[in-house]
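You will see two complexes here that share chain A, one where it goes with chain B and one where it goes with chain C.
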Partner chain A sequence: MAEVFHVVVCAGIVPDPLQTLEPVIGPNGPGLKNEMVLPAVLDPWAASSLYEAAQVVAKHPGSKLWLVSLGPKAKLQQVMMTIAQKVSFELMPVDGPIGGFPDAHATAATLTETIAALPGLDRGRLLLFGGWESATRGAGVTLQLIGELLGITDQFQGVDQIEMRADGSFEVLERIEGGKHQISVCAGVPAVLGWATGNLAEPRNNPQTGMANMRGIMPALQKAKTVKLEGNTLHYTSVNLPAQQRETRVEKNLSADAIAQELVQWITAE
Partner chain B sequence: MSVDAAGTETQVAECERQRMDVDIACVGFGPAMGGFLTTLTQQWNKQPDDPAFASKAMPGMPLQVICYERADDIAAGVSGVVTRARGIRASLPNLNPNEIPMAAAITQERVMYLLDPVGASRRSLPLRAADAMLRAAGRLCVKDAAFELPWTPGFLHKQGGLVLSMGQFNQWVGSELMAGGLAQIWPGSPVSGPIFGGESGTEVQGIRLADQGVDCEGTPADGFMAGMDVHAPLTVVGDGPVGAVGQAIDQRVGMPKGHAQREWALGMKMVIELPELGEDSELKPGTVWHTFGYPEPEIFGFLYVHPERLVSAGIFVPSWMGDSSRTAYRYLQHYIQHPALWKHLKGGTLRSWGAKSLQESGQHGEPFLSGDGYARIGEGSGSTNMLTGSGVDEAWTTGVQLADAVVELLRAEKPFTRENLKATYEVARNASWVEHDAEAAKNARNGFHGGVVRGMMGMALAGLTRGRLSLKARIPAAYKQIRAAEDAERDDALARVAASGGHPLHDVIMTARGWPEIPFDGKLLVTQQDALLMGGKVQAMPGFADHVTFRKPELCAACAEKTCIAMCSGQAITQGAGGVPAFEREKCIHCGACLWNCAHSPDGERGNIEFRAGSGGLHSAEN
Partner chain C sequence: MEKVLVLTHVDEGGVSLTKASLEAVTAGVELAARLQSPLTVGILGRDAEAAAQAVGGTGARVLTVSGEAFAQARYASDAAACEALCRAAAASIVLAPDSSRFARVAAGVAHRLGGLLDTHITSIVGTATVEATRWFYRQRMEAVLSREARPWFLLLDAGTHSAFAGEAKAVATESVEVVLPELRTVVEGFREPERDAQTIRPDAKLLFVAGAGWTKKQPDGQMHVSDAAERIKDFLRLTGASLGSSKSLVDQSGENQQVLPFLTHMNQIGQTGSTPRHAKGLSTCCHGEEPHVVGWRFIGERRAISLDANCGWARGKADVVYVADAFQVMSKINALLTEKQG
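Let's look at the complex of A and B:
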């Protein structure tokens, strides 16, 4: 009999990375300027994990896919109108705050509680997916903490590929230094996989998938539990955006070969 | 090769398409659709058990109302607006601007005539004389090279209205609607055209979504997914002035006798975060400035102040500015540097930027408002009032009127035929203030086809007499409004300069005309390409066909004007091989300017550029 998996994807929403993001210090600590004004998207790393999860579920009939997402209900609803068109899933929303830099422990505790309460979830079949990074302010530990809290010790980070085997084991490609992958074989689920970009293209928008998903998404959003993330042990002294390096030079007389040569020198000098 | 739903030749052979049936299919989510869906939802909420709201497409379910929006997010609208908000407030009596980011109640309105502090503006003799008189009068009436009109004409007033960010307003309305549960709004879903049928071939039976997984010419490629056919007894067309569905219907059924959409403008603006404001700053939230006279006499400008030190500043470049080298971005940069504005904006930071085409024909360009199986609302239906410079409230109200008509027909169990829609929607619209004001505005801008001074006089005449008096004009097709290149030999030389320096031609022409180079500061004065990255954030999903195509490439090859390149807001249209422009859809912000900025027509009315449904565009909600 083919293996059946229960795949849970943890994916938050973040301001569209194409927006101008500007850290500010507010009354509740650091945050992003006008964050509620900015359009939101599913965190791109976690979105990759959702598409990979859908692939796993499609290949293993009887498997199930949940998307657990914490964010303001109205923003979640808006993001779901795009995501719901791409793959089929069951949404478990948690109505929580956006903005600021919440304590990863508080976030992990809330998400763990939500996952543990998923109706019909068999933790013996659990594959916990998420992004290994965030497009805005990833602590880089939330997924690992959820895994720990759920008692899952097989954890992989920077995953680009998973290959399920007939005996229930699976092979994972994790990113390591030098642009290489480390190949691991895991005896079986449960496991935690923090995804890098994966290998799948973003699925096309399929309106019928969207319509089918919405039948579950809207009621789930209406019933979403409201939480406050009380992370009072963590204080940020400062935050900043990664520095952008942009050097522009206008060259009128250089040949294409000369420009290419200069670029090669610049790249290899790193 | 086949012909798609919009009647356009495509590379996709007939293939099996998914089909879905809904009760009402809607195209385009803007203020008109906001008004339509809000009213429909309100009516449903009052009587959810009313059998009129039971779905026929999906028995046992409530009415299936699906709206498809091209942009990747419903907040990705463009335009900061000032509106009287009569219709909006009538629908939403408890509307609190504080709940909508960037919204403010109007506190002050000013109208200013801007003198030319640079000396490059191309002013007629009468204007030069007027300028000289104003300058002679000195500081008594001119301050910062601007003359403030002692009063704001009543027809321009927006008293009691709102300053809004269209993106934020759409986002707010959209989330209220979605929470209501009746309507679904799907972003990232371009609609390629209507599905025509019926005996006459003009009945609209639904819409077809754009094909995905195709190459730039529309040929199926990896991951091909044929666009789904969505069938509905009623299609609500609110896809704006350059929308594919509206265009296809106009081409199929024609326009009412004597009507044509020939007057356009490109609105381009920046959202600017101001430096700290002093207590005595003039720029209080809700401040509205209307300007004219600079950077060119034909270009109108505006400045709206939002809360939290945000300002929208922009210009309108009209089609009747016949200059073949007309452009928007560089003019906008000169506009914000005018001393009257710059003293406030200097030191500010560009937060967002965008542009959109405005249909400025008013009633002259009003299409058939309804037909068998469809109804038109919003700007694409000719609702924008060109005398008051107002469109959002009018668009919203047409949506409300249609929703009331739809509910009436549903309750009466009458089909959505042209006859029934005419008897309900069109009758209500024709009896409303929208049409009454549009009638007064009908000929208000005629004079501009005879020059700016004549145009201003005509506008004042129509405005002050509520349309009873106006100037007559023969309005040529948009392509005919573009004058031939003034000096082909000079332009050839400039073209060589542009090519060797990697500059756009219109930029070089403006410099040659005496416009100073822009002193880039990297924050507010940035190159157009930087604006795409800093302010607008343009992106396009892969797998869609090019939505800008050139109908007869030989016309492009022989074209000397290349106005499409000069007016392309995203610099997505550039010089291409053999004289035919090249199009990069990844840089297109879907402003639609290319549709009416073409000096040549294969058919005597439309330009040589096809503007179809496409994916992507601006990713900014602060517009």
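Let's look at the complex of A and C:
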């Protein structure tokens, strides 16, 4: 019998990378200027993991896919309008703060509680997916902590590929230093996989998938639990944009020969 | 009083500490001296004792975890080993390199010890207290932070400290016992590009960034992707540079457009790629924030070749922008480099 997986994807929302970001210090610590009006997208590496998860589910009939996402309800709704058109999933939203400055340990505790309470989840079939780092905090900590809190000791980070085998084991390619991949074989689920880019292109929008997903997403958003994340004694002394601005010399009238001479001199200089 | 532990691991050869580990040792020596705290170095590997003499010059207490199970970088065994080292050292501050091996397990280990963790630390500052700096929003803003909770784990980004180069000398080591859980994962090996196709070179002085312009229509109305690939490969061969790419160029492979055959997502720099550290960077045919702002954050000297004299992304970020056709310039550079190398 083919293996059945329960895949849970943890994915936050982040400001659209094309936006200009400016830090501000508020009563609850640092945040982003006009954070709530910045357009948001699903965290890019976590989005890769969602598409990979959908592929695993599609190849293994009877498998199920949940998307667990922490963020302000209104922003989640905005992002889901697009993401819901990509792949089929069941959303489990948590209404909470957005951004990179809340403590990863508090985020992990909240998400673990949410995952543990997912109705119908069989932890013996669990594949916990997410991005290996977020585009906000970029710590690579949250998913690992959730795995640890759920008692999962087969964890992989910087994953670019998973290949399921007939005996329930699977092969994982993880990014390591120097542009290499480490090849590991795990005996089977449960396991945690923090994804890098993976190998799949972003799926095209499918309005029918979107309509089907939204029937579950809207009620889930209405029922989303509101949480406040504890700081865990984390203090920010300062948060600043890098002030460094270079005096750029723009060379418009040099010939290709002259540019090449200058660049070779520069490249070979000690 | 704080107690400082530096966690390290051996390299693929199995008998020497990795460069990133030696950088963490430097950070540990500096921090322990500043806080007037005792320093312990923990070493993990198949034969950790063999690597210990490299830290003999620190005067630190040295703890080791050795054995066949620790020759492989895997969560279950590495987490158990790091947990045992931390418990034996009873440290309040734990420094470790932000290597793929330790980044995989450090959060879990911190949790097991009731501690907290911060990663991608670029410096440790503060006088009376310990403060750490790290970047947020993919290297767009830098914060200084501290925690009261202990133990506090800090993973240090590679290249932020010099590698410890104290005199290698024999040192007494203390072996730490590890109770291993069931090991369900086996590391079967590594996959890397063919030797002459390896384009990611973290130790290279120069980062060469290829932008999407290489695969666009040229003045003759045609695309010249294979020419572009040849020029870039020649340049990498002649200079030993590392290759970075903009997101748009890498993404083209998923959009069934012509692409440079040797580029993968591993080459990508910027928001969803890496932010490598190199002394010099040369960007070509790039336009946009990703390569010029985020991807170049830790590049020393920066130059760019672009057809757009008004490229707002390069201005203020590059030291020199050459307004020129990169196809022509790169071909001449390659010719000059070939001549120079005889």
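Keep this in mind: the second predicted complex is superposed on the first by the 235 of 270 C-alpha atoms of A that agree within 3 Å, B and C clash if a C-alpha of one lies under 4 Å from a C-alpha of the other, contacts with A are read in each partner's own complex, and residues count from 1 in each chain.
Please note the rule applied: a residue touches a chain if its C-beta (ideal position, glycine included) is under 8 Å from a C-beta of that chain, and two chains touch if they have at least 3 such contacts.
Keep in mind it's a predicted model, so treat the numbers as computed, not measured.
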First (chain B), second (chain C), both or neither touched by A:T197: second
A:T136 touches, of chain B and chain C: first, second, both or neither? second
First, second, both or neither for A:I183, with chain B first and chain C second: second
First (chain B), second (chain C), both or neither touched by A:R175: second
Which superposed partner A:Q155 touches (first chain B, second chain C, both, neither): second
Which of chain B and chain C A:A260 touches, first, second, both or neither: second
Partner chain(s) touched by A:L18 [first = chain B, second = chain C, both, neither]: both
Touching partner for A:N28 - first (chain B), second (chain C), both, neither: neither
Partner chain in contact with A:T226 - chain B first, chain C second, else both or neither: neither
Chain A residues touched by each partner, larger count belonging to chain B or chain C: C
Intersection of chain A interface sets (partners chain B, chain C): 18, 201-202, 250, 252
Chain A contact footprint on chain B (complex, rising order): 18, 20, 66, 68, 72-76, 101-102, 168, 171, 174-175, 178-179, 181, 184-189, 209, 212-213, 223, 225, 228, 230, 308, 351-352, 500-502, 534-535, 537, 539, 541-543, 619-622
Chain A residues touching chain C - in the complex, by the definition given at the top: 15, 17-18, 21, 23, 30, 44-45, 100-101, 103-105, 135-141, 144-145, 147-149, 153-158, 160, 171, 173-188, 196-197, 200-202, 232-242, 245-252, 254, 256-257, 259-261, 263-264, 266-268
Of chain C, residues touching chain A in the complex: 73-76, 79, 99-101, 103-108, 111-112, 116-120, 131, 135-138, 140-149, 181, 184-193, 198-202, 206, 239, 251, 254-255, 265-268, 271-272, 280, 282, 289-290, 297, 301-303, 305, 309, 314-325, 328-329, 332-333, 335-337, 340
Footprint of chain B on chain A - complex, ascending: 16, 18-20, 34, 36-39, 74, 77-78, 81-82, 85, 201-202, 204-208, 210-211, 214, 218, 250, 252
